[in-house]
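Here the chain labels run A, B and C in written order, and each chain numbers its own residues starting at 1.
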Amino acid sequence: MITLASDFGSAYPAAMKGVVLSRTDARLVDVAHDLPRQDVRAASFWLRETLPYFPPAVHLVVVDPGVGTDRRAIVLRVGDHVLVGPDNGVLRPPARRIADEHEGTPTIDAYEIVVENPASTTFHGRDVFAPAAADAHDVPPADLGDIERFSPLDPDELVDLVLPRATVESDRGVATGDVLVVDDFGNCITNVPGDFVRGCDHVEVNGEAVPVGHTFDAVPRGERLVTVGSHGNVECDVNHGRGDEAFGLAPGDDVRVVRD
Amino acid sequence: MITLASDFGSAYPAAMKGVVLSRTDARLVDVAHDLPRQDVRAASFWLRETLPYFPPAVHLVVVDPGVGTDRRAIVLRVGDHVLVGPDNGVLRPPARRIADEHEGTPTIDAYEIVVENPASTTFHGRDVFAPAAADAHDVPPADLGDIERFSPLDPDELVDLVLPRATVESDRGVATGDVLVVDDFGNCITNVPGDFVRGCDHVEVNGEAVPVGHTFDAVPRGERLVTVGSHGNVECDVNHGRGDEAFGLAPGDDVRVVRD
Amino acid sequence: MITLASDFGSAYPAAMKGVVLSRTDARLVDVAHDLPRQDVRAASFWLRETLPYFPPAVHLVVVDPGVGTDRRAIVLRVGDHVLVGPDNGVLRPPARRIADEHEGTPTIDAYEIVVENPASTTFHGRDVFAPAAADAHDVPPADLGDIERFSPLDPDELVDLVLPRATVESDRGVATGDVLVVDDFGNCITNVPGDFVRGCDHVEVNGEAVPVGHTFDAVPRGERLVTVGSHGNVECDVNHGRGDEAFGLAPGDDVRVVRD
């Protein structure tokens, strides 16, 4: 199984699929091809929350604003999962989450994909990553090093990306974090852990009192609420509406949550 | 085969796919993940017009504005088709259509999915419906009752949803209905049966004369026409343009069609 | 394997998939269903740049502004690839490219799909092309003529479509072409061959000097550049931005590129 994720929008992902299917008959599963464009942080969040649900697979990830520069093309092995993509940090949060949830919490092995002259400088998804994912699929994860152009790499040399965590002062009842991403519904997913608001009827978000609800329906349609989202984090939402507009929040914005 | 339909947009459907594929190796087919958001009526229309074309399958449907409330999670069996989703009516129109077109017009069996503590209150697509669809896939439809957490339910207890039908007064030459949905092209699909306008050169739509055409090309580009759409219903369209804008129509609006 | 491409947006492609899967258990691969709406030229470009990457397959293509008129429904065979769609030219550029890259550069065989009374006049994707693609999939390409409703056709009778080429005056250092398509990133893909700008530091585009870069990062964020895109053509782009807005270009617009 090979999963595919990118910020390519329409048509370009199909060229990757064609290249993969010309090399292997792996099952292909689209994760998403409309990840926030060239936004490595947001992509890493969505992939962290999505890829660990899959059975063992090769995960082809192409959110690659530095395509054609000297950023590395890499392959990570985490137990029986393999991630293929650019070395810009986007693979790190999902790789760590897969490791955390994997039997035995395996260490992460890394390889550089050595490509002398790719066919293009702007579409490594098609010319570098898709062939690598196909080839990685056809060997056991433990044998990735046998693929000639996969050169072992010290994981410490990789570009790292750590999604920030909120600062929680439990005794004062204050959590200070930020908005990680806004989803397609307009829900603002913060990095404040859901446990912080559990049991509260109301909290303050950036100075304004907002009800805490288990479900959107806890408030009338069009009203704001704070809930614990499906990722376990505090979300700023609106029932049947857009939280980003109602709270005036965008990705990266500071969020200060105060318990009563 | 498991088909997947939702109003989730990007990324969230992939978590459902991961959960399903972790439990079964069923073939997955995406129906659509950009169904009109939280719009149970529109979703039920699209699913009624789509799912019956599939061979026997499990149809996973998550358009679920009441997620986390006490609305039931249900499984319907219609002959050799199985529908899994929330008990908000969305499954009823496609289930009835499948029954109508199914050999022997089978009755509909219903089960409640009993889940004590789902992992989230906001993402039952991942935590409740996807596992149920995977499990339903791996038993013959007649044995759904053998799955322990599927509890038989009287279909009369289900939330019903009947897409409204137009009132047709053939002798007066008047049909009074409404716009069921507007598709991505801007075509306004009404519930007036296509037979009502067949053979007419012109009809009146809400008081204005409009040509009736077999094809969009029956009128010049940019001009309005009434046609019989692929669902067999009267549509208010524009050749190479948007019918919703030209007719001033939106989903739910009244449409009065008068024959000459 | 059957690939599917259309301008249908949401939901409609699923009816085609259902019809196909009711007739054959072929592997289905979505190419794109948001091709530029009713834009035969743009669709033919994207398909030319995408379909040749696939292994032998049946390619179902429905960009069909003349649906329901007397335009033919056709099947083209190019070696071990088969293309199914309307006879409006959309299949010609990808068919030629597949032939060019195919072992032995095969000639193109053509068949008309003869359908007496399709179920609709507006959705031949579901009622004509999907069944034809399924049936074509289940015979060897050399035996397409054995399918009764596939009637052999002289390829010279087909509607042709040739994507225009730029005029390159190498000695004067001037190339005159146009914008073929604008991709989802806003990159303006021209028909000026990439070789024309190779080795240049700057070129003039419609009278203004623009740097030439191997990668987007060759210029600061938000700045314009000319690059050689993944299709081998000159593109007018912006690093981390939209080239169409910065250059004031749209599909079909003239582009005059002058070397220093």
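To be clear about the criterion, contacts are C-beta pairs under 8 Å (C-beta built on N, C-alpha and C of every residue); 3 or more make two chains touch, one makes a residue touch a chain.
All values reported here derive from a predicted model rather than from experimental measurement.
Of all residue numbers seen at the subunit A-subunit C contact, under half occur in both copies; the interface is built from largely non-matching residues. Note on subunit A versus subunit B: their Cα superposition corresponds to a rotation of 120 degrees, in steps of 5. Per-chain CA centroids place subunit A at a distance of 31 Å from subunit C. Multi-chain contact residues of subunit B (touching two or more other chains) are listed as 30. Against subunit C, in their complex, subunit A makes its touches with residues 8-15, 17-19, 21-22, 28, 30, 37-38, 65-69, 119-123, 126-127. Listed in rising order, the residues of subunit A touching subunit B in the complex are 1, 3, 5, 29-32, 34-35, 46, 49-55, 183-185, 214-217, 227-230, 232, 240.
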